[in-house]
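So that you can tell them apart, the chains are marked A, B, C, D and E in the order they are listed, and the count of residues begins at 1 in each.
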């Protein structure tokens, strides 16, 4: 259901652009107004989300410890899985953000006869890491459209990515990787009944939008060619706030529209996990709550409870009867 | 399972970093080669294949040898090889990876590597070699990984993997056969133009690969609790012995054919390798060393007392490994090119960058093997199997 | 009470394939007997002062919710979203990757798809989206949003009391989303409309009023302990002492009331007593702060703090130097992660814990001044301060169950194992994916170890029990050691069901068995009985 | 192609054909023998025809140097082994190189029994003194060889070597056409081919 | 705001990262490539738009036809016959690679390697800068392990 909706939405995007640019010729709208607006929404939205989260206190140190705590010198502790100070927390976060540490731990449970067994299952980790790194590389690569002269590292990256001369222009390896990874991420949602059950339209939509973005990009590079010089004149115009919509094929506008849609969608969807992961209290805190005094949340009030003296009054008889000491201090204070 | 390779002792990490560093040094020289061209190697117009292709050829043999433990275990249910098969398969993964890397560095236009796939050419042996090598890599990945995964889960390996295991057995023979056909099918290279080329390849593979496996197992045994058991080691030693004898026998057949028939073109490369031609004799000491080592090993392996001496065995294996490595890694390829088809003599010796790149690839291969072995041992440990 | 299926029938009934029907359309849930806990009694809710006390049953059509329950819940949700960053972030960033799906023991044992952590969170997340975000209001179901209604409350009640807050899912989540936090919020919201369970609220009430979960008054505590002292004398031949409410003692010892109430916890209690007497510690217990455990944690943050605060209060009154806590799981989650900010700072008279025997300063507890008894004992063993005869535990082949809270809320793995390896000769860990940070819940955590919940307890405990079965069959394990009072209460039933012949004990029971008392050293009176007053070496007895 | 080596003998040490070919095709002059690129060059009899040479041969043959080049075999082993079809046989029999496709595996060099193939061990450009702007160079990492001047044949011109030979020692023609001039010459003279026994069917004939 | 010490630098880093294209270009002139067009010829092989878009595909097709199919004449959309040759045909009109090809290629950072083999018009003089003698020395010094 969700997948169908997402597919229809994405196809609608294509049709909208096709009608808007191909037929109505609204190049200014689709080339300039929408991208700028989407970028603003993205920028402001993301910053807003971060501020929104940051305004909420973290009242307790609810670290998820996945390794030995710091205790005795002779006990080997796990700095990464049970960080004791901020430096170790940073290391843990780096592993989490750059290596997807937690997904790497993934297992797959299986019932075999009377036994429950756990297999190693790193496919999700592999798919996720392939997708994210490929996406990031593609993003960096696109910097060649936003700079002149193009910085050397970007050019080197481009050359490494197109190291194997397949087709002309050369096929980027990241293009292949991201398509494969997206396909895996999509198919697993369909193939595994559990995942199909939990997947919402808003899980398929970003996948499909990125599919659209990637496919339109690949089509533009290899099949429905556009004049890349004009495209760059346009992108350079964008960053100089002096854009002129290029007279190129609709495919380019489809590409730009998918990008805009994705940017605008970002802050309001699950895609905020990109920033949210940094705000996760189970990962970004140190496991030192017995050693270091932390500030309680501003709203936190010390609890009211039955004090010893009140309690002693209530159980005085039994205490005396069973020979337990009576605290005379309770009466002195009064 | 991979996470098991990410935790280990200081010694393990020292080895990993050492191999990675060596690989990076090799990679640095490869970048130089990419920039300058293959001219930084010792290869020439006349000896147009050298150290890289030779190493490739040798390692295909090492890879193919996995079948020497897989076959008895899976086909004949030889239980003593139970713990050894995974190590054999993982050695094959490392060896095939090295093979592929040696091809990558040997190619003049690395960028166009995928042309082999983009323009498939069924009449080229190289096309088949590409298929069988990658196929063998995949088969060993599937079989080795699934077998280990079953250990990890505490179950038996799943049924679907059985066809792959059975397929991997003939496939192992195929990789070395096809690689032999690369050479054996060329007109004008009389040294290679022989029907026993493929059998010779297989014989040398089935002694050198298991010998290397045994050496690795001895190393693993020294540093971990892993022990394949004396029976397995003895059985493997027998395999090495017979294969080594076959290898020497087939070489003898070559000598007979060349010298009894008296056909000069069949003799000339052999003469160059073992006696030198017109004063060109760079490879002569190497070749004699090679055959001396193999013969010594053969004699000592045939005698049961020395073969069953488990302290001596790894050294005999070392003799086999070095002997076959020189024979195939230097003599066979270079011998085919000297003299050249026009009967000029250009000698060949690898250059420093060429050797460094090769060492880098060996480091990469052994890094893969180290990581895979570490994983296998840790998984077995976690299940209390060792 | 519902009839419990036989183990093999239960396994066969597990099917992880979810139904074709969309989960949002699948409400109200079919409330199955054996899978829900009885609601809190009206008087108990009243005594605690929680809203909407009433007599009701989850099986009823009408749950007698307040007429404005929607506003109450939504306001409560807004309030918590502004107070707990964890809650807000976890509501926002889940990508439903499904990594957590097969990590939950209740899902693994029941196959009920709403027990997948992702979906359990989604039960709340969908309301958050539908009621509090414009995306959800605009796109509804497409954005995974829905409106709050009575059926949703029923669903929440059913599923937030089928989560034992074990945090196993959080280990595997790429963003560390912790279903425990979500369940805690869910339960807090349910309290606002008077949907709570008796098994949790009654202990909370007892704690508030009397001092411990079970509601044992001070004189009875003393009596019980005296019984234990007699038993100790029976076993060791030594008359030992337990000081109560002793002012100026060096150490205040706090342990869950389960340890002096029921088997096999009492043997662990005997273990502490023997150990402390062996060392000649200057210690005391309190009949006021007589509860180490904290069912408040399963209720609300406020209730948790209220129960915990008594310990510092008592430590201040008794002028002790530091506090030792007994073996307990959720207690240690509170002591480790909440005590400091919820009820701290520690009173001034407390000092950084320093073992009076070894001189070790427990730097890692320098703020809360409270250490785990296993830390204390492990340190003693490491310094060679204990004379141990591990062969006295030779009839046991031991494995160790990492309790969820010390594992994933504290990082407490090595200390108890270190002790076990020194007090018994046969120790085998369970398969690696079922221990340490990947440990499985006993199936009865977070206040769900009630009898009416038995089917779900056995289902949820299946993964744990299955791993015990594995070591039982492979190594002949017959004793499951643990450091949690709930475990000690819940695991015997679980073992009985899934892995008969495996007993359950606390770590300090085994310590006490192995501990060679001075007079035993001289051979004055060799020990023949264990804490359970069973022969130490059964075979020999028979032969003799 | 037919090469009348008798004519060559008369005009020793004429190298016009080599010079012309190497200039037209921008063949670099690399001093390091190991990295040499040669499309057409000279060999002594015992090297050009190693299996035909014997110790009783006339001095006359020993003195001569023979022009050797790619034989454009009827059954070219280089084409058979090439894994990418970078070298291929055209319909007209010319064995052609596609420099855009060659991966530089050098299998063809191992396969060619005539040593006709050269590999660019390094960038050839620094070794080209006087390039022909109408023909490309090669880059490092590809194999090259004589192409029978396909680019000239297409324009109706003769191969560069043929044209350059003032003495008419080299002639080309269509072997498939029984009435062609070349067939006539072949019928009239006894000719040798290099290593015929290998079954490659070389298309370069030598009049001795 | 809580944890401002960490959150605010985080926000700044994020904003700086996503606005890289803007601030790295700030204050620089927006460049525009101006390839030099041949003066005497008005028409290219195909229309200007087509050539700008698809010249690489066309050249690729040409190279295939010439080398592999021995077809050397291209018939364009107007029916005009054109000799398929980059070096001898294209560059006949576009007399400078630097002023024509490189202008756009540099602009968009595309680096086709046609010119590794094909000779641009301005490089007719050749590249042999080294003396043959020094080359010999260099070559032999590179191969210390081998000699004839």
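What we mean here is this: a contact is a pair of C-beta atoms (placed from the backbone, for glycine too) under 8 Å apart; a residue touches a chain by one contact, two chains touch by 3 or more.
Values in this document were obtained by computation on a predicted structure and should not be read as measured data.
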| item | value |
| --- | --- |
| Contact-graph distance - origin chain A, target chain D | 2 |
| Minimum number of chain-to-chain contact steps, chain A to chain E | 1 |
| Co-neighbours of chain C and chain A - touch as defined | B |
| Pair of chains with maximal C-beta contact number | A-C |
| Distance-maximising chain from chain A - centres being C-alpha averages | D |
| Identity of the chain that, by mean CA position, is farthest from chain B | C |
| Central chain (by mean CA position) | A |
| Intercentroid distance (Cα basis), chain D paired with chain C, Å | 87 |
| Whole-Å separation of chain centres (CA-atom averages), chain B against chain E | 43 |
| Approximate Å spacing (C-alpha centroids) for the pair chain B, chain D | 38 |
| Chain B residues counted as touching two or more neighbouring chains | 39, 44, 110, 112-113, 118, 154, 346 |
| Contacts with 2+ other chains: residues of chain E | 2, 143, 146, 148 |
| Residue numbers of chain A (touch at least two other chains) | 55-58, 105, 115, 118 |
| Sites on chain B touched by chain A in the complex | 1-3, 110-114, 118, 149, 152-155 |
| Parts of chain B lying in touch with chain C, wherever the complex brings them together | 154, 382-384 |
| Complex interface listing, chain C residues touching chain B | 428, 431-432, 470, 474 |
| In the complex, chain E residues that touch chain A | 1-4, 7, 10-11, 14-15, 18-22, 24-25, 28, 30-33, 49, 52-54, 56-57, 60, 104, 106-112 |
| List of chain D residues in touch with chain B within their complex | 33-38, 43, 46-48, 50-51, 68, 77, 80-86, 101-107, 109-115, 118-123, 140-143, 195, 198-200 |
